[in-house]
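There are structures below to look over.
Below are two complexes that have subunit A in common, paired first with subunit B and then with subunit C.
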Partner chain A sequence: MARLNDDAQWIILMGFLVSFSLFFLALIINQSTVVGQSTAESVIEFPKNDIRDISHVIKEHAEKNGKIDDRVYHDIINLSIQREGAVVNYTLNTQYYQRLDVFNHSLIHYNNGVTTYSENWTSE
Partner chain B sequence: MVVRGFSLAERGVSEAIGFILIFSIVIAGIGLVTLYGYPMLLKQQTSANERIMEKNMIVLQNDVKSLAYKTVPYKETSLKIDGGSLTVYNSTSTPAVSRLDIRDCDPSGDEYIGAFQSGDLRYSSESAGTDISLQNGAVVMRPHAEPGSVMLAEPRWFYDAQTNTMVINLIGFNSSYTIARAGIGTVQMAMGETGYTRVDIPAGNLLCVVYTPDPTPEGQNYQVAWDNYFINSMKMTPTGTDHEYRLPTDVTNPAILVIKKYDVIIKSL
Partner chain C sequence: MVNSGGQLYTIEGVAAGLIMLLTAYLVVGATSVYTPGDAHISDMQLEVLGSDALAMMDTPPNSSVTESPLQQIIETDDGSRFRNLFLNYTNVSGYGPKHDIQFSASYTYEAPDTTITSPPINSSRNLTGGEHAVRVTKWVIVNKKLPPLSADPPENRAVLVEVHLWRD
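Coming up: the complex of A and B.
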């Protein structure tokens, strides 16, 4: 019998290494679908434009009048719950620092069951 | 490896016995794989099918969410249904998968929603022995053999404490006939009619939800899943009467109850 030649042992070792790394990769790939999906969902879920729209409407209204018009107030609230399914509420105060320094202060509350958003806004 | 200093021993068993030894090791290996490995692979496949379908149902739930909350008129999703079948049960089908009543806790009080039936989109797996159902905006799952159920994805009901508002979204399924599908299919959904009810509840009035599961003995009972959702997620309190829960509204102040109803039409599977 010829001498044992162990020069090629590294091939087997490499084989082990590759197969183990494949195994771990498979585990990671298995997890990634779940993570990707939930991340994508939360990005879609965030109601950025709804919040912007509502906050914009309220601020515009506040700048013009300085006080809540009852009709507009209820319109904003009813539209947001009917169209966007979000509960919206806001308060508006006119405050006087000096005799001539008047500014509006508003607290905006938004909740659509997934995202709750509060804004504390002061006019210039 | 050759250890230097020793001569390589060439004495040993004959080649025939060596061959038999190696051969029997190979046969034993093959035997073990067929006996234990193969059934394990099959089981893996079954549970993979089930998991894929869980994900699919959550994708379908997202479609329903888009239709209902984002006023998207139409949605289409292609999916592969393995190891079972996907069936649509109308909101009018009997036995109803569940029934919801929303009313004043006082039995003589007003009833806001009477006997709402959601119907469901149900995946029934023969190999894994489970049902996964998309009903009323939630994804729930139950095993065939034993009682109990679990909610995989919650519906979007919420209570806003600042305005003392309870918002309840009811989503029903409708299709012109019962459709079932196995294999690759496309679920086409369209938005039907929507309903909106807003009720101002005076201070001191309690609001209750009554959830009645499928009453048939071998029926689709998802009581445990909904029970957990009502009590743990929505912070409702059981009133003591069967299947009745009190909504988490603040009784000392006037409350607002908003009920939105959506009708999702399933065009095809």
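Coming up: the complex of A and C.
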């Protein structure tokens, strides 16, 4: 029976180490594309600019008049459904604090089927 | 008689074979996203660029002006001013490194009979349908007769400015 040759064991061990490190590098490359894509997809899907914009236009409008312009209200709601695919509604109340301080209180709701957003806003 | 020599070599061979198989499996699996994965990333960047440009156009340049450039553009139907500002803000024209971005802009309003119309504002190229475009929008409140030939006096209206933009 031939005697087992136990020379060069360090070389074999280092060979294993290198193969395993290559294996883990391959694992990282495997996941990287998926991670980049799903991150970008979720960023695109979240309607950050739509929400910011609808909130901005409602507040800008409220600051101008202090009450809801019926025409603008229907424009915003109907165009949101038709062009943005989102259900939007808002209320606006002008309130008085001790007859001196006037401020607007507004509730804004946004729902596009994926993202729901509600805002409770009080002007200064 | 069975020869039991070379067992270490056999074990090493089997281990190396397994590692190679697993690595090949991972490498083959890695590129299985057939739509280019980074297309979404550049879409996202283009969308952010367009939104920022529209946001800048909807900001009055100083405190003595009450209306933003975008409001004035819609009220006076000044498509060439929209084109100049938008191309400048997206670095298509002006100084410095240029982008190859094309746009097509319109605004949408609701007529009194509740039909919804989108007249064009301006475009740098016609949309043919083959472009990989992203859409950015901006709400603007304008004081304007809508539809333009209406007999009623101008009133405050909310219109939605919509811009498709894409790279060549």
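Throughout what follows, the second predicted complex is superposed on the first by the 116 of 124 C-alpha atoms of A that agree within 3 Å, B and C clash if a C-alpha of one lies under 4 Å from a C-alpha of the other, contacts with A are read in each partner's own complex, and residues count from 1 in each chain.
Just so it is clear, a residue touches a chain if its C-beta (ideal position, glycine included) is under 8 Å from a C-beta of that chain, and two chains touch if they have at least 3 such contacts.
From a predicted model like this one, the values you see are computed outputs, not experimental measurements.
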First, second, both or neither for A:Arg83, with subunit B first and subunit C second: both
Touching partner for A:Ala62 - first (subunit B), second (subunit C), both, neither: neither
Contacts of A:Ile54 with subunit B and subunit C, given as first, second, both or neither: second
Broader residue contact with subunit A after superposition on the shared chain, subunit B or subunit C: C
Which superposed partner A:Val114 touches (first subunit B, second subunit C, both, neither): first
Residues on subunit A lying within both footprints (that of subunit B and that of subunit C): 1, 4, 6, 33-34, 37, 41, 44, 78, 82-84
Subunit A residues within the subunit B interface of the complex: 1, 3-4, 6, 33-34, 37, 41, 44, 78, 81-85, 87, 89, 109, 111-114
Sites on subunit A touched by subunit C in the complex: 1-2, 4-6, 12, 16, 19-20, 22-23, 26-27, 29-30, 33-34, 36-37, 40-41, 43-44, 49-50, 53-54, 56-57, 60-61, 64, 69, 71-72, 74-76, 78-79, 82-84
Touching residues (chain side subunit C, partner subunit A) in the complex: 3-8, 12, 15-16, 19, 22-23, 26-27, 29-31, 33, 37-38, 40-41, 43-44, 47, 51, 108-110, 114, 116, 136-141, 155-160, 162
Complex interface listing, subunit B residues touching subunit A: 1-2, 8, 10, 55, 58-59, 62, 68-69, 71, 156-158, 160, 162-163, 165, 167, 169, 196, 198, 258, 260
